[in-house]
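Look for chain A in each of the two complexes below; its partner is chain B in the first and chain C in the second.
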Partner chain A sequence: MLNILVLVKLVPDTVEELEIAPDGRSLDPASVRLILSERDEHALEQGLLLKERYGGTLTVIALDVPEVDDVLFTALAKGADRAVKITGMEPGPSTWTAAGLAARTLAAGPGLLPADLILTGVQAIDDLDGQAGPILARLLELPYVGITCRVEVDPGARSAVVVREYVGGVTGTFEVSLPVVLGVQSAEKPPRYVPVAKVRAAMKSQRLESVPASGESAVMRVEILQLMKPEATGRAVMLDGAPEEVAAQLCDVLAARGLL
Partner chain B sequence: MTPLRETFWNIPKWAELSQYVLGVVAMLVFVYGVYRRVRRWRLGRPEVLTGTLKGRVWAFILYALAQVRVATDRFSGVMHLSVFWGMVVLFFGTILATVDWDVTRPLLGFRFLQGNFYLGYELLLDIFGIFVLVGLALALYRRYILRAPRLKSETLPTFVWDDAYLLGMLLVIVISGFLIEGVRIAALDPPWSGWSPVGAWLASFYQPLSPAALSAVHFGLWSAHGLLAFLFIASIPFTKAFHFVTAPLNIFLRDFSSPGALKKGVESGAEKITDFSWKQLLELEACTWCGRCQEACPAYASGLPLNPKALIMKLDAQLLRLPAARRLNPDMPQDVALHLHGVLVTAPELWSCTACAACAEVCPVFVRHPGIIVEMRRYLVNQGAMDGRLQDALMNLTRYGNSFGQSERARGRWTQGLGFEIPDARRQPVEFLWFAGDYAAFDPRVQAITRATARVFRAAGLDVGILYEAERNAGNDVRRVGEEGLFEALMEKNVQALGKAQFRQVVTTDPHTYHVLKNEYGVWGDGAPDGSARVLHCTELLDTLLQTGRLPIRKRLSVRATYHDPCFLGRYNGVYDSPRRVLEALGITLREMPRSRRHSYCCGAGGGRIWMEETPGIKERPAESRVREAAALGVDTLVVACPKDYVMFQDALKTTGLEGKLVIRDVMELVDEATAPAEG
Partner chain C sequence: MAGEIWVLVEQWRGRISDITYEVLALGREVAEALAGSLQAVVLGPGAGESIFSLGAADGALMVEHSALAEPVPEVYALALAQIIPQRQPQALLIPQTNVTMELGPLLAARLAVPFLNSCRDVQVTDGRPVARCILYGGKVEASVTPQSAPAVFGILPGVRPPEQGRVERAPAVRALSVDLPTEFPLRFRGYTELEAGDVDITRENVLVAVGRGIQRPENVALAEELAAALGGAVCGSRPVIDQRWLPPSRQVGTSGMIVKPQLYLALGISGAPEHAQGMKEAALIVAINTDPRAPIFDIAHYGVVGDLLEIVPAMTTRVKQGKQAA
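What follows is the complex of A and B.
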């Protein structure tokens, strides 16, 4: 019986046109709609697959932000046993703060640790270098393997075989002892669809647990100084005609810009 | 000498009595068989029927007695009406003879089968007997010589050769009846034998026989005829012949909504045969295996795995395999025998359906395939079993309210570049609330048509507003995919948004939106205060505007065109004439495609197909078949009245190489062209 924890977070949905707030250091909340980070959705799916394969309980954990309830109820409808939100933290925590909060909450929350597997998305659009998993692993003093695309567990031997995928489809297979923190690149199957009726049923019949965030983050302090939108440029020039003509035009263009 | 029927001539008393005993036994077996089948239907979910008794009686007369839907295929019509009416007259003739001999004669002391009435009776029975034989000959010819494809069946719910059994039994019973009449006439030689022309003709063959031989032959034939007739009656509930009961019953109990309209079902859908409603189980039983649905089905014609006829027959077979109802414990675990999915019906079969309702439209006994298919899709959706593209579309619809995965805030973006504002119906009262729909609002290929529609409404001086980001996908195709919970969520949001707006009528260019808003939201009560419908398709509105002169035509279009009836406008809602009148008012000359109006051929987009991955091995996409059909008329334009048609046919032009030979135009683009104020 595995105790599986899946840490998920919500990120700004890039389908919306994001605006920068007047302070120049944050996104305008009016422009932001949050969505479950895509890799975290895979982490949840990987967790559900492991639970189905080996048995056990799956708890999904997220920071309390707007729309988090929908995400957690959806996870319950998909087959998670418990859903926990970490409440009462400062809005907009950085990856480092969030990872620290998560580590302390796992220790403080009832019945969460010891866990066999702690899964989270290997990266997020606001954590492209994938720090959350490694920081969490360090704070919990557990091993970390990232970019996973396949996980097999040997519960008796307290170990897992993890496949990581590199560029060009090259894979590496690793053996790691449990408990472990995994940064999931992709689940073994695409994340499942859960019908709206099941989510609504979960909202009626199940409840979300809240665990207050505790303690100050003492890991490290990183602050955003400035956010900027990409500048729109319209400087591309298309040259056409016969090769000789194109070459002549190109020379003219380069000469005009003082590059020849 | 008064002509008189010699009933039971040459029949010993014991045989006459045995006949009654056997008759009672046959009736008991028949009643028991009916009871067994009715008991199975009662295992279905409850379903409340709506409709008036007058409508039901009228349906019975039109479709069960006159069989107008059978007669749309002329060969079948002649065949079936001959056999049906022939057997009805012969059956009642036999009843009449029984009443005459065994009721009025012994009890009241008189016989009515005498004199001229009797002579007419003899003639009528001979004529209708001939009708039966002609009908049976046509049936046998079509089934076994022509081997019409639609009559072939993969699996029979009852037993192999059931078709042959039915035709064979009727044939032998009627022929033996004629032979008996012939022998009787040969033996008795009544002076009025000319009134039984067939019997008299057959009698000539028996003349050489001695009276004793005639008696023996007569008794033998009479016994065989009686035994077969009783066997046949007893076997009706166990064979295809049971459609004598279920077909008229299902016609009488028909659903009066449009052929593909859906009702609220169980969100978890049909996993077991008993998850269907009792009415749907009756529909399975009413199927006569005629295969008209198979002929009409665009999925089947394109080589997709769905055959609507085979689907219904397989489900009926599953129903008939159910263990006897009294042994069926409601708490029984999901028994393999009851389970429908995987082996019996595969997911690709179910996903092939475009919900075009051509099947239900042609069904002579009012089977509603789309409802049955959606019940089964609901099960698949509940299991999360669907292809990746469909899943993405549903997740987009859940999150953004549109299948395009675009921000809901972008819904009104098509209005940019119009040069005028479209009022926000949430902020100010409007006469017409324009519910644009997803494709019209988001698909870049359709947005130009949507803008043309806005110009037309403006040219007509209409007070029109839209809901901007408060509008959601209306949910028509979400419901047909089988995602009932999502449909309800979308509907709730739309009803909420509509509730905040003030308007007199809703108008839309999208037939899918039109159908579901009009017929499946169930929020309109009795319609607009002036008695008109609360939901209009733009062609209905345009029809009125052009007829009343409110929208003047400035330029007549000399276009030779054909018009494609969208499924959800035509078959689902019977709007066939408005778009044609609009096009003719613009000066367009219309030629009809062979498959038009209620027989229109689906573009292949409906039922959520537009969101699904393409099925490998498709022979000819429905849209390709359709543009070829249009091009074959020699017209230059295929006019559509549905955003999805526009997209599908544009693609089909490219894949068929008909680009440059045929253009696809939306009716609103043409109206815009004809009504635009002159430039300069």
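What follows is the complex of A and C.
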């Protein structure tokens, strides 16, 4: 029986046009719609696959932010056993520190540890620094492997074989003793889809737990001076017109280079 | 000793990666601005053999240890965590690739030092290094400065031209020793090559690449038709591979393949650095994207702001007509 924890977070959906707040150092909250971080969705899927394969319980954990309930109920509908919110986080330019805070709260441990596997996405688009897993591993004195794309567990031997992506399609295989913290790149299968009806059912029949954030508040060791929209370097020659017109122009470009 | 700027020499399977030279070129500028010396940090049992092209640096700090034979992130991080306190550099610049990905966060967690990742540039302002970091898939940039030294920076590919940092001269070498345990909870078992697919995309002249903008698996057929008409093959970005709409052998980018075709048609691909690294050397890059601010337009030669689902079929028709006419 494995005890699997999956630490997830919500990030702004980049399909929306993100606007910078008047302070110049954060995003305008009105422009932000939060969704589950893509890599965390893979971490959850990897956790669910492991639970199904080897048996055990899966707890999904997230910081309490708007929209988090939907994400947690969706995880329950997908097969998570427990869903926990970390509450009472100070607002602010927290994306750089939130991961650390979640890790510290978990380490301070509201009955969630010991775990056999702690999974989280290898990085998230709002900080791109991939620190959640390593901080957690450090605090719990556990090994960490990132960019994972396959995990096999030998429950008897209390060990796992973890496949990590390197470059050019080459992967590296590691044997690691449990417990371990993994930064998931891709689950072995695409994240499962769950119908809305099932999520609604989970909302009726299951409940979310909360634990207050604890541990020293995460130290912000970097100072954000300014956020800005990148200037286009304008390298591309832009073509416009109706689809047929653009298609014709593109074909001319290709023909001129002998590519047709 | 004070004032050193370090660049980690990234090696992959016995070869120094180009990005190392790019970061050395940047490190040279930072070192000059901070009046420090530039040190190339080389880890590995055969570290001594790889220093002859590192002349951009004033010195090479060499850590030779059998446990460093393969780039196992935890072990590398442990070695760096031992030598950083010994010499207290102002900054450590790490080439940001899949090989080194965990080093920055592991070091930051271990040494409680600032870590700034996804830097597309670092400049010195008022005596402080200020990094330009990309966020939100390239939609926002942050200028960020560390609050203390030493600070660790993850530097994206393309920060400077590699030629600028490749100097065929061996810098002065200083050997540093580390004390690494013989047993780690993590044991490296070996590498596995990707199973060859039906098509080797690194050998194709024309690649039609699809990203998340293709939206549905059925739509991949639109790209297949265009690729067939152009005499090329279809490849894709990570989300498309993650969804198994295309096999892993078709992935372009840092984890996938590096391709240099005559034509790379990027359809519904935003141009994240991990993707760009795999295709930016293509002779002709054409991007079709609904978002006029998509970073792919910065590396494309030709761009169209529009719906690929409309433009691609129109192109296929055109190409086929052109072939019939000829």
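By our rule, the second predicted complex is superposed on the first by the 215 of 260 C-alpha atoms of A that agree within 3 Å, B and C clash if a C-alpha of one lies under 4 Å from a C-alpha of the other, contacts with A are read in each partner's own complex, and residues count from 1 in each chain.
In this section, contacts are C-beta pairs under 8 Å (C-beta built on N, C-alpha and C of every residue); 3 or more make two chains touch, one makes a residue touch a chain.
This is a predicted model, so every value here is computed, not measured.
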Message: If you tally the residues of chain A touched by each partner, is the higher count for chain B or for chain C?
response: C
- request: With the two complexes superposed on chain A, say which partner A:Leu259 touches: chain B (first), chain C (second), both, or neither.
  value: second
- prompt: In the superposed arrangement, which partner chain does A:Arg200 touch: chain B (first), chain C (second), both, or neither?
  reply: first
Task: Look at A:Tyr144 in the shared chain and tell me whether it touches chain B only, chain C only, both, or neither; answer first, second, both or neither.
output: second
Partner chain(s) touched by A:Ile35 [first = chain B, second = chain C, both, neither]: first
- prompt: Now for A:Arg192: first (chain B), second (chain C), both, or neither, which partner does it touch?
  reply: first
Message: Give me the intersection of chain A's contacts with chain B and its contacts with chain C, in residue numbers.
response: 190
Field: Sites on chain B touched by chain A in the complex
entry: 267-268, 381-382, 384, 386, 388, 391, 394-395, 398-400, 405-407, 409, 483-486, 488-489
Message: Please output the residues of chain C touching chain A within their complex, sorted ascending.
response: 12, 70-74, 97-99, 101-102, 104-106, 108-110, 112-118, 130, 133-148, 151, 154, 184-194, 206, 230, 238-239, 242-244, 248-249, 251, 254-258, 262-263, 270, 284, 286-287, 293, 295, 297-307, 310-311, 314-315, 317-319, 322-323
- prompt: Mind pulling up the chain A residues that touch chain B in the complex?
  reply: 13, 15-17, 33, 35, 190, 192-200
Residue numbers on chain A that touch chain C, as the complex places them: 11-12, 14, 18, 20, 27, 38, 42, 122, 125-131, 133-135, 137-139, 142-147, 161, 163, 165-177, 180, 183, 185-186, 189-190, 219-230, 232-240, 243-244, 246-248, 250-251, 253-255, 257, 259-260
